[in-house]
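Pasting a structure here, questions to come.
Chains here go by letter, A, B, C, D, E and F, matching the order in which they are written, and residues are numbered from 1 within each.
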Amino acid sequence: MADHPAPPPCKYLNLTYPLPFVAHVEINRPEKMNAFKQEMWQEFPPLFSHLSTSPSTRAIILSGAGPKAFTAGLDVQEASQDSPLSPNPSHSALDGARTATTLRRHIDAFQACITSIEKCEKPIVAAIHGWCLGLGIDISVCCDVRICAKDTRFSVKEVDIGLAADIGTLSRLPKVVRSGSWVKDVCLSARLFGAEEAEKVGFVSWVGSIGGKEEVVKEALRWAELVAGKSPVAVQGTKEILNWSWNRSVEDGLRYTGVWNSAMLQSEDTKEAMMSGISKKKPKFAKL
Amino acid sequence: MADHPAPPPCKYLNLTYPLPFVAHVEINRPEKMNAFKQEMWQEFPPLFSHLSTSPSTRAIILSGAGPKAFTAGLDVQEASQDSPLSPNPSHSALDGARTATTLRRHIDAFQACITSIEKCEKPIVAAIHGWCLGLGIDISVCCDVRICAKDTRFSVKEVDIGLAADIGTLSRLPKVVRSGSWVKDVCLSARLFGAEEAEKVGFVSWVGSIGGKEEVVKEALRWAELVAGKSPVAVQGTKEILNWSWNRSVEDGLRYTGVWNSAMLQSEDTKEAMMSGISKKKPKFAKL
Amino acid sequence: MADHPAPPPCKYLNLTYPLPFVAHVEINRPEKMNAFKQEMWQEFPPLFSHLSTSPSTRAIILSGAGPKAFTAGLDVQEASQDSPLSPNPSHSALDGARTATTLRRHIDAFQACITSIEKCEKPIVAAIHGWCLGLGIDISVCCDVRICAKDTRFSVKEVDIGLAADIGTLSRLPKVVRSGSWVKDVCLSARLFGAEEAEKVGFVSWVGSIGGKEEVVKEALRWAELVAGKSPVAVQGTKEILNWSWNRSVEDGLRYTGVWNSAMLQSEDTKEAMMSGISKKKPKFAKL
Amino acid sequence: MADHPAPPPCKYLNLTYPLPFVAHVEINRPEKMNAFKQEMWQEFPPLFSHLSTSPSTRAIILSGAGPKAFTAGLDVQEASQDSPLSPNPSHSALDGARTATTLRRHIDAFQACITSIEKCEKPIVAAIHGWCLGLGIDISVCCDVRICAKDTRFSVKEVDIGLAADIGTLSRLPKVVRSGSWVKDVCLSARLFGAEEAEKVGFVSWVGSIGGKEEVVKEALRWAELVAGKSPVAVQGTKEILNWSWNRSVEDGLRYTGVWNSAMLQSEDTKEAMMSGISKKKPKFAKL
Amino acid sequence: MADHPAPPPCKYLNLTYPLPFVAHVEINRPEKMNAFKQEMWQEFPPLFSHLSTSPSTRAIILSGAGPKAFTAGLDVQEASQDSPLSPNPSHSALDGARTATTLRRHIDAFQACITSIEKCEKPIVAAIHGWCLGLGIDISVCCDVRICAKDTRFSVKEVDIGLAADIGTLSRLPKVVRSGSWVKDVCLSARLFGAEEAEKVGFVSWVGSIGGKEEVVKEALRWAELVAGKSPVAVQGTKEILNWSWNRSVEDGLRYTGVWNSAMLQSEDTKEAMMSGISKKKPKFAKL
Amino acid sequence: MADHPAPPPCKYLNLTYPLPFVAHVEINRPEKMNAFKQEMWQEFPPLFSHLSTSPSTRAIILSGAGPKAFTAGLDVQEASQDSPLSPNPSHSALDGARTATTLRRHIDAFQACITSIEKCEKPIVAAIHGWCLGLGIDISVCCDVRICAKDTRFSVKEVDIGLAADIGTLSRLPKVVRSGSWVKDVCLSARLFGAEEAEKVGFVSWVGSIGGKEEVVKEALRWAELVAGKSPVAVQGTKEILNWSWNRSVEDGLRYTGVWNSAMLQSEDTKEAMMSGISKKKPKFAKL
């Protein structure tokens, strides 16, 4: 894929292109079960901003390196030493209001890093296996589609370390799973739940049958290839309109759709798609 | 039903009254699997506006004529010849902004036709069988209840013809099925899904056990008869309040409910309903 | 629990503390299947306001006394004799506008009583068994988590007495159950549904396996004990942020979370939780 | 202007084109001070829908015929004889709920007629003189710009006939005049206010200096001619974006603007406008 | 006015009825320039809840006792000794999160007391004179109409005591005054502004010409008498619809209006108002 | 001010500290009347992000260098050569949908640069003189307070170059000036308006009396010094709460205020402010 604009250098997010137009981002700190420290999550914005407009990217897979975990969440050890959560002599001089300001700015910045995944214009499928704890939930709810291996174990873990999840789970989970009772249960109790339960409540839309990471990544590749073969104008427009409409009124959704498509229907893709349908050939779409 | 105000004449939407107070609307172009051309969707507003206030109508069934399909969606052949999507010499003289204006006005008008189903004050059950593609999804999500035959095959088909669905599916589907992962999957991939899957995610609330159209229409009739036998003040108020509250805050929903019912509790229906309960007779309610 | 502020006296809501920090509220009029009259629902605001700030309460169970019902709903007999719904000679002198004002004020006050459950800062699990009709649905959707016995029978009963449910079901049910088709079905038809169906659509998140009230109350106790053992700062913050975010935009949810946690991360609980994790001891958290 | 699509026939709304691209709509029942009866307000939707897409219309003036009034409001005499407000023997058989339904449908239809003015895509200036009472306020707040003669007398008159203004004044006035104290004052007291006061609070943006209708219509013509001479893509986009943004968040406004202009910047008008600026010639823009 | 339900006893809010249907509430602690301590603001909810439904009250005047002030705001001396703001030994044992919880509950309760003024169903005119500082602004923006004496001096005083105004000014002031620049100026700088400036920006809608309290109370009486003479169905409906519509979309405002008036047009007041207009008699309306 | 974190290097935005805690940002391209090219507006985000958290900055003045203009707006000449608006051979190969995508991404990025001003946590006063056209309006409505010299001339200029203003004016102007008629007038007509008119409608809150830049900058300094002398916890909280509440419901504003202040009241500033008030000394507040 020689014509890619060069992606930003990343140490912990590994980018490959296993198939044309299909990017694979791997969270890559397997020796710590992909637990996150600050420099890791700060790699999301430049990478996903790049993918968002890269014409060679039409679908994205997000997975965790190594056999054990999508991610074990926040690296609590690290966080307790070098973060606003750590006991800090210089903080102790601050009054409660000033400490709060420091904390709020830290949370804002952290949230913005994870939100950069959600803002990517291209569809993202999270291929989840092993442990998916705490921050792993925050990250996966920013993806469009979630699928998981049979042996995945999830937990909205934050209450177990004495805090309310603040990087997005509590704002986004109720919008993608609407069993209110289940959402409240898992968020308040921090209990583990498995793949089968995750599928039953709609948190994931596919579960592997044999277990293990390979199977779920293979399914993610299949899905990404399917989507990457379609008109990028149609696919990216569909993602955008779904995201816009999600929590707005039907009226607002319809109007935005009309304005969006007033430009997007001026593409060549509709003709190409219809022609290909008739001629039974694979359509080829211009870059976007 | 001699006291019906005369319904508007329709060529493609067939209206009958199989039971007292139960209207049955059939999409009627079976030779084309009920595929839609412009004059067909333009029949929705006058018909559903009529049904909305017709005192002889208390529940509505919407189904597709013929054994093959609820509807195969947009008649693409027709659309490619005679619509804003067709290559039109007179359009080529317009700049991008003016073409966009023409397209937007066309989409607005198309959306308004389908929205007229949603605005009907009476409950509507969609009885779906066979193919339900593209526009079929847009239409069915405007209904209150969706049930389907065992062999129904659904697809949010639009990305396969190079465009984002713009007649309502993307705005309404996330509000009636709240597995975010599943909604994104089927909208981005345009893949087919069957009755069982539709029921599992909550898109439909009943699936036939033997397959075929007769069974689902029979169930729709049973449901419609049940609802038509209840107080129209109660039923229509319930629909209105649910629709209003759906995407508003609980506070706004509660307040609207209070104001609505401050008038609606001044009906005779509560007394009639309670009396009938005691005397074990079927209640009779005045028209609405 | 000697250090409780004294709870308000209640005649129909029975308060006990079966476990430390776990309050059990029982709707207590078993001879009438816990059917509600006005003085019963007026007990909710003082009691749940008390529990909301009581430092000795960290989780709440709500159930119905007696073997037959969570609650059979509104005591219609009572309501028909002594309420704005009853034929009242002094009302007959009022015009329609003035009658509406009387009714609206009555509904406002009734709604406010039930909403007081939702406003409680502590998590509430509804342990439901037997009949759960009408007002029982209004009440249970104000709770955070709903679990039920195998033999529970539910109904959004109101249309059967000639009115649209106006105490909260129609505003809250679409927010906690993810199938639009199912919500419309049960609200418009008032049909009964059982525990299995309630779980399938996500209305409840756990169903007993043997039937009977004891099993569901036992499970509620287990859940409440689990939650009561965690940091109250974390648990109550999680409930608050989930409630705030539920129907707001993700952006608004994230911002509120950041501001909330800028104060809440200044607790000792995080340290206590982490220490306990390391030392494998049960953490002890200060009151809240 | 031979290329106009033919406007719908109107009896009470008089349409002329005093200048190229400038439409003048006159409320035309001067013998009754332009007081409104039902067939008059029913003429708004077809006429303003026509003007909204008529390529020969770029700015619209709305005024009242005759020297005495913009409009004296609802023709109360007519309304008391032939409307849902009139004592109607056939109504007396209805219970309070059914009467309310009839009234609500009537108000909905009435509101929709007046809202059709607001929905027109072209800018509208209301040129107001003489009496502007009740419905006159409802109508004028649907226009973009309001100017008035020196001797205009306004009143939100409805409370004086025993009802709350229900055709739009109470929803729209607080959005165009943001002295809350003044809005509440004039709506609750129904007192008269003059041109000077209307300008001071921002209800109108220009007041004539000599009094009389001619002056205000002349100023409206001047304004309309100015606006009609500019790019219709720019002018109509400006109106649309202002209307969309008015009561939405800044974020939603910015996003909608970006999507709107992604199509609209593909016009030839920018080049034409810039060239004309350089060459000091009057620009000529294609139709829209 | 013998038929008043007895108002709740108040020590600092003095209630009189200077005219039929016109209530006058006086903030009554003139020896401290009506500065507020906790027991004073706790008198608002029971009193305004009483007035809200009292059939003998149709308009309310709110003013300050004594010649010097509407109110000098929070009694800071008192607050520094006996409130969550005061240095409290028992607080010092709490961590930052628990202190925040105590403070938030205190602010919630304080806000609810002042909001009770806004929730009153009857129109309220604030007659302001002398000093109107801090809490005086919070209170006056909850009233419908604000008028003031020539020598009134206002200040959004809170930043001068080191805090952001938290009892409502910052949420309500931008909704009642139309200049964003001015609102930010006075809130950020805490500077004094006088009656003339308050009128210019629309904060008040009438200013006395001679100065002194008598004149402004007299004008308030005149206004209240005028409003109290009109149909209470019309007046209270107008207030309700304005409040609802204020920050909602026009569509939501119109719909609510239609539902509200579907009940309210079933009053006798319209006929009474029209008859009186014809017969030139003062109309008499039934209680509400 | 040796303890400043080093500000980012800027070529066109000149940063000085004329007074302690008071930053002065000057748009600095006087030879082109401060007209903007892309590299200029790209300097806003790093600079205002720096100022937002710089503890040595408590108030900010924004003005234009040179005697002639705040800014003449977009440098149209530059834009016509090197921007998405310029005729670009490489663009001509793109279809309408792909051109729209390029344009939308450009507008998004441009908007984000200007929005960075609004997001700054510190109060900003725009000191405007001379020409303030097009982008000058977009920029000034992102500031908190606007003041201007007597001879300032403003115009929402965009329609004159054939486009709807898309960098924020149309979304923000209706929120800071609420004469709807005036806003529509100046946006649709692009006419010039002067200082006096700007003050009358509330767009600016102060106008110089003698004309010229010096006077308005001097007034800005006076205002900034006043605000910079107050508690930064109070000032920045006031700005934050005003911004949050501006277009949200009163309920949402009140709740956010309570949560915000639950942390912010834990500052030392309240005590310091009160002590200083008593001792008549200038208070000293810790950094923020």
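Everything below uses one rule, namely that contacts are C-beta pairs under 8 Å (C-beta built on N, C-alpha and C of every residue); 3 or more make two chains touch, one makes a residue touch a chain.
The chain lineup, named per UniProt: A, B, C, D, E, F = Enoyl CoA hydratase.
On a predicted model such as this, the values are computed, not experimentally measured, just so you know.
K.L.:
Please state, in steps, how far subunit E lies from subunit A along the shortest route of touching chains.
P.N.:
Shortest path length, in steps: 1.
K.L.:
Among the remaining chains, which ones contact both subunit D and subunit F?
P.N.:
A, B, C, E
K.L.:
Report the chain pair from C-F, D-F or A-E that duplicates the D-E interface, where duplication means over half of the contact pairs agree by residue number.
P.N.:
Comparing residue numbers across C-F, D-F or A-E, the repeat of D-E turns out to be D-F.
K.L.:
Counting shared numbers against all numbers at the contact of subunit E and subunit F, is it over half, same, or under half, different?
P.N.:
Shared-number fraction below one half, so different.
K.L.:
Provide the C-alpha centroid distance between subunit A and subunit B, rounded to the nearest whole angstrom.
P.N.:
33
K.L.:
Let me have the rounded angstrom distance from the C-alpha centre of subunit B over to the C-alpha centre of subunit E, please.
P.N.:
Spacing between the chain centres: roughly 47 Å.
K.L.:
Please report how many Å separate the Cα centroid of subunit B from that of subunit D, as a whole number.
P.N.:
One centre to the other, that is 34 Å.
K.L.:
Pull out every residue in subunit B that's touching 2 or more other chains.
P.N.:
In subunit B, the residues touching two or more other chains are 96, 99-101, 175, 178-179, 201, 233, 247, 259-260, 262-267, 269.
K.L.:
If each protein chain is taken as a node and each touching pair as an edge, is the resulting graph a line, ring, star, complete or other?
P.N.:
Chain contacts: complete, every pair touches.
K.L.:
With touch defined as at the start, can you tell me which subunit F residues reach subunit D in the complex?
P.N.:
Against subunit D, the touching part of subunit F is residues 76, 80, 84-85, 87, 96, 99-101, 103-104, 107-108, 111, 115, 118, 158-166, 168, 170-172, 174-175, 178-185, 187-191, 201, 247.
K.L.:
Show me the residue ranges of subunit E that touch subunit B in the complex, using the header's touch definition.
P.N.:
Touching subunit B from subunit E are residues 244, 255-256, 259-260, 262-263, 266.
K.L.:
In the complex of these two chains, what residues of subunit F are touching subunit E?
P.N.:
Contacts found on subunit F: 123, 144-147, 175-179, 201-206, 223, 226-227, 230-231, 233-235, 237-242, 245-250, 253-254, 257-267, 269-274, 277, 285.
K.L.:
Flag every residue of subunit C that touches subunit D in the complex, lowest number first.
P.N.:
96, 99-100, 251
K.L.:
Applying the document's contact rule, which stretches of subunit D touch subunit B when the two form their complex?
P.N.:
53, 94-98, 100-101, 105, 233, 263-269, 286-288
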